[in-house]
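In the two complexes below, chain A is the common chain; its partner is chain B in one and chain C in the other.
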Partner chain A sequence: MKKWLLLTATALMLASCGNGTGTGNESGDAGEGKTDFPKKNIEIVAPASPGGGWDLTARTVQKVLKDNDLVDKNINVQNKPGGGGEVGWKYLQKKDSHTLAVNSGLLVTNKLLGTSQLTYEDFTPLAILATEWQSIAVAEDSPYETLEDLMKAIKEDPKGIKIGVGPALGNDDHLSLVQAADEYGINPSDLNFLVYEGGGDVVTALLGHHVDFVTTSMSEVKDQHLAGKVRILAISSDERLDELKDVPTYKEEGVDMVFPHWRGIMGPPGMSEDEIAYWDDKLGEMVQTDQWLDLLDNNDWDDYYMDSKETTKFLGEQTKLYEELVEDAGLGK
Partner chain B sequence: MLNTPGDGSAIAATFDGYPMARQGKAGQAMALSAVASFIGGIMATFGFILLAQPLANFALKFGPAEYFLLMLLTLSAIISLSMGKMIKGFISMSLGLLISTIGIDTQTGVYRFTFGMVELSEGIDFLIVIIGIYAVGEVLYNFLNIDDEKREKKEVGKIWFTKEQWKRSRWPILRSGPLGFIIGVLPGAGGSIAAMLSYTTEKQLSKKPEEFGKGAPEGLAAPESANNAASVGAMIPLLTMGIPGSGTTAVMLGALVMLGIRPRPLLFENEPETVWTLVNSMFVGNIALIIINIVLVGLLVKILDTPAKILYPLIIMLAFIGTYTLSYTAVDFFFLLLFGYFGLVLKILDFPIAPLILAVIVGGDMEQNFRMALTSSNGSLGIFFGSGVSIVLITLTVLSLFYPLIMNIVQRRKAATNTD
Partner chain C sequence: MKKKRKKRVPIGVKILGLVISLIVIIVITITGVFIVMSFKKDQEKAGNIAHQTARSLSYMPIAQDAFYQNEKIEDLKNIVDNLLEDIEASAIVVTYHNRFFIVRGNPDTIIQLMDDPANEKALIFGSNYVKTIGDKKNKVLVGVSPIFVEHGEYKQLEGTIMVAYDQKQILKDVMSESITLLIVSSIVLLAGLFGSIMLAKDIKKDTLGLEPGEIADLYHERKAVFMSIKDGLIVVDQTGVINMINRSAKHLLNIKGDVKGLHLAQLFDGADTIWKLSNSDVSKEFEYCGKVMLISRQEVRRHNQVKGMIISLYDKTEIRKMARSLSEERHYIEDLRAQAHEFKNKMYVISGLIQLGKTREAVQFLMEETSSLEDQNKFISESIKDEKVQAIILGKKAKASEQHVTFNVHPESALGILPPHISLNALVTALGNLIDNAIEAVKGQDETNVSLFFTDVGNDIIFEVSDNGPGVREEEGSVFKKGFSTKGEGRGYGLWNVMMEVNRLSGEIEMQSNTKGTTFTIFIPKHP
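Showing the complex of A and B:
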């Protein structure tokens, strides 16, 4: 009964809004992003179950856009888990420009690993929003004090050193290590990985000494590092992080690489110039709000905003980089 | 009550809960399970207060080899339950293991048995298998028999359990609480394994094992107590190490972070007020649960009075809704119906269903852990005998498999000496 009332109410409101904005401003204001877009509620697809990184990204965007009145239509988050994003992104392909979806490096690597045919060119890239950084960590009583110690040991006996990673080979956790190992002249396909179900399981395995070291997002091990239970040996950002002043970057350790684990957002294929401009405008405003910056901090993410043009270029570069890495790891299809 | 468990951890409770309901003791069964859950939950909460830190350290000792053996023990326990139908139980379990291999293989990233369907890439959710086989299968089965069914008078019975039932359940409840709690602490083990192990333990300790599966009150009370205790135990890895041990706690972690609380290794030391608030909420939650359950017993058992022609369509509808909410795709409906018919066939052929379900639940993890163990030992099987924990688990597994056999021999000896 209540649902019915609510539905009718929203329908009425939508109808009146449509009439109000529809009259008069067909064009002209487009430069300021004031077209009649959006005409209806916005839907953000999180191509994963509630609780994961994609879900968190989608819900953070929803919250900040709404709390700061940046978008005057309702915004809903839809979870469409499955196939490393594939299910949600296929769903997006069939929708109109009022549906967006969250993405990450998997959008590029799925195709390279042979698990999907989709690439970023099948969609309209809108923005890169934020990034996490990758890290290498050992247990506090580990004999490896620096990245170099560890890499030397691997070089001597690649099969003897067990590496925890999750939830699947070919993700950023795995490929960032592949790139680093490559720099040290270690053949990445010799590495001995134990694949766990997720970041949490990887850390448990490290604490229980079931693996020798792990490669995972910085956020998974940061608290353990601060508590003195694990030691982070290197981090993939270009400068040291404020919250982890004692952890060196890969660059300082002599590995010339910066490896972001980025998260972005995109729309269905064939969005109009006006619609893209609308989101450049709104998302550009969103990433400058205090609330957004606070939430980034809470999640251990860093600002990494790029607008639609920069994002398209960036995705092209990422595709090239990942192609090489997947090839090196011996996973190419 | 309708022989339709809501999730994996409720399976063990249907073994005796459903027969009790058929004997016109539905009200007693519900009251008993409410009280058992309550006691299990409260015991686990006290356990949490006293033992959180040492247990968290104990859980860390569980590597891939130990997890594999724990799951093996669970499966062997359930096989040993299908008395007289061991072969059928074994076939049923193997089918379950087959289903669990569907989807992406995490060790290599290879897709198995997905037939090119993206929806299958993460395997078939075990809840679909449960809802399909139990709910849909049960309804279909009842439709087949709807004509010749005498519609046995469904007495709800008294809504409070008798002294006799309480006497029989008392100790099983008290034993199962700690058992469930400890298994709950292990990340990923969870309620289904806890409930199943407590059920077999009680059956083997019982003086009347032949009544198990035919409505023994302790067969209902023990798994309920263990299950609820396990859900409290699952909070320990989350709060002591900041690592979610189950799907439920992963969602809780997300909710806590949104509120600005970040479970972390030093949470106990740095933010005791947060931890104690949570512990209090566990007490309050358990007390609220038992009050709601007991007040509602009278109402809920009325469901049994609902005529079949109304009740069954309702169950089917709920089954579809429940399935859709799992991953919001209509493709799952296809699997739901498929498993419904599959369940029907199993029922007609009189195959035990629980081994299949449990195998689907633990199969995937069991295989991955087995292979991770072998990877980390470079292929040597010695790793399965490498620690104290694993040797205990192996011993228990062997015991549970041969227990029925040994009991048989002992009984025959007795019979033989009697006739002499």
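Showing the complex of A and C:
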């Protein structure tokens, strides 16, 4: 018995010696890395095909950082489409701190909807950059003058009112309406959604009276609203927007909800504090440049910048919010 | 608190126990790991298949058409049946919204799906996923996909497909796969059993059927016996390297410290004589450091090959000492008897004179005798302060008188008290032997004269014994050799003993001899 104990003790000692040297080397390497970040070219992953919102975000960040000489090294944009962001983000997980990826609410909802196991905690959140706002719009000749009119009608006959949405259920367009319906006491599974290929098709369907109303990004219907062809009944921002002074917020319409369709950027897991501080510094500078603000305006985005700490906190809150939303809906309340 | 002695486990049981427990642990671990890994892998595979099947089924136009065309329902049922068989799923369910539309497969699984529909999220959010339902004992993996019905421009979420795998079924399949592994392990276990029994047998053969514990006991016992033997024992291997040596041997050979691993030749001079002993039964006398010992050897043989040797040393010095002191005692008694005989003779003379009525002559004879005795004694007691020497000389005087040998102490002789390192025994041996030899040498001659001179003037104490015997013919050296004697067999230890004693006292001995007489002189330093 004593012999066994002795053997075990020896083995443990050997093992601990092995570990000791290992960690020593690793910390040494990390120490060198701190001082001269970035050491090589920066890569920004857009987890979607070129032309989409994520691609646009990635390329805008690339352009502004480069044009303003904020980063010495070259910056490349990589498109990794598939799985609602899953493919690109899994790619990021395996890279070092010179690779970043853009993200959005899908990072939170994918897990909740069962399509992915990834959460924001698997990465290093760096910043929330901008947001769009959700809107609910009807045709100009629609009988529904206010959000309240519309919700009452849905409550009376959920199947009778056709809702246009695109390109898929489970996105922010869909979720924002689910939340609003939930606030009105409507069972989300009773809603009659017609799923179109994209935002443009949704508006076309609305103009063609194929649907009774649509839930989509404000930017999709803004021009038609200004042209008087559609009517935006509510917007998900906390205050009325400058360019759409006549449109009330959800809050004004009695739905206690602010629903940003945000876009952010994150790095792979395990980034050092110095690396995080580097991006806080650079991205903080970037969002203050005139070029960035101009591009936001052009894309109908709002400045929604948060640094790494605020972003982490925000993502925690978002997770909780979506969780409640999805679980409540799942229970068929 | 006395502990009861632990019962020893036989070596065979020990080996068998170790091997069996090792093999069993390995088998259990490997089988367990195999089952867990396979189960995990199969589960993951089942999840993937469930997910993919649900998804691809949902894309099939027939799944959408069946909701609206009754004749397509049978076709969809057939497809689902085929799929169920192909992918070995437990159940496949198609729902129209939340109503179960087509159900195929294991009724238990279907009931579980009805109790806890896994498709809620798919029905609201249109997402694809794998969900686990049921309690711990009855887990079911469900792959869920929404069915969107295409309407040209747009599509609508109309139903879901659920493909379910019962975890119990997966586990059952894995278990049946692991049976092969268990059979192979059992064979290994049997081989291990056989091997360990053989090993135990082999070990016992090597140890003459003794258990290791018994061997250890034997070893300790034998070692104690070996160490406690009074005779010196040395065990060497076939090359002469020492394996064991006991206390007595060390004492006899004046060795201190550890000598294990040394060669015999490094141990003491003359060790090579041991090798010259041809017959192991014969012992030989051997002298070392003033000690006399009998040396003998016994070969250790195994399988008829000499594996080593046991050398035994038997100290004869002690016996010799005993024999000598016995003979000294005998001399004393002899001397006393001689003295008594002398007086008896004188008593006869006195008694004769008195019987003859010659009282005056008797008185005169008595007076003469006593005065000469007193003179002598007085001289001896005055010239010799040491009582030990006095006793020896008086004894020898009586012996000489009985043998009719004239024995004189030189009138110039004088001796103080002897230093304590000169023992009576040594003096008896040295002086007694020399005087006895001298008396013996002159006995039977017409004119006999033995004289003793001693003095302690200077650094040495000198004794000189002279006789007028026929002299010693031999070379001076050989007379001191052991066994030298002109007196016949079995004698000749006297002078050798004398020399040994003188040497021990760091003294010297000299002899001068011619046909007219012999003189022995002993020089003993006062300070050794």
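Definition applied: the second predicted complex is superposed on the first by the 295 of 333 C-alpha atoms of A that agree within 3 Å, B and C clash if a C-alpha of one lies under 4 Å from a C-alpha of the other, contacts with A are read in each partner's own complex, and residues count from 1 in each chain.
Everything below uses one rule, namely that a residue touches a chain if its C-beta (ideal position, glycine included) is under 8 Å from a C-beta of that chain, and two chains touch if they have at least 3 such contacts.
These numbers come from a predicted model, not from an experiment.
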item	value
Superposition on chain A - do chain B and chain C clash or fit	clash
First (chain B), second (chain C), both or neither touched by A:Asp201	both
Chain B versus chain C as contact partner of A:Pro167, first or second or both or neither	first
Partner chain(s) touched by A:Val326 [first = chain B, second = chain C, both, neither]	second
Chain B versus chain C as contact partner of A:Lys159, first or second or both or neither	first
Winner by number of chain A residues touched, once chain B and chain C are compared	B
Chain B versus chain C as contact partner of A:Thr115, first or second or both or neither	both
Partner chain in contact with A:Ser189 - chain B first, chain C second, else both or neither	second
First (chain B), second (chain C), both or neither touched by A:Pro50	first
First (chain B), second (chain C), both or neither touched by A:Gly267	neither
Partner chain in contact with A:Lys80 - chain B first, chain C second, else both or neither	first
Single chain C stretch clashing with chain B - from 6-14, 150-158, 222-230 or 510-518	150-158
On chain A, positions contacted by chain B and by chain C	113, 115, 168-170, 192, 194-196, 201, 205, 210, 331
Chain A-facing residues of chain C, complex	97-98, 120-121, 123-131, 144, 146, 148, 151, 153-157
Parts of chain A lying in touch with chain B, wherever the complex brings them together	49-51, 55-56, 59, 78-84, 86-87, 90, 113, 115, 159, 162, 166-170, 192, 194-197, 200-201, 203-205, 207-208, 210-211, 223-224, 226-227, 229, 298-299, 331
Interfacial residue positions of chain B with respect to chain A in the complex	59-64, 104, 106-109, 111, 118-119, 121-122, 187-188, 237, 241-244, 250-251, 253-254, 257-258, 260, 262, 264-266, 327-329, 365, 368, 372, 375-376, 378
Chain A residues within the chain C interface of the complex	113-115, 164, 168-170, 174-175, 178, 188-189, 192-196, 201, 205, 210, 326, 329-332
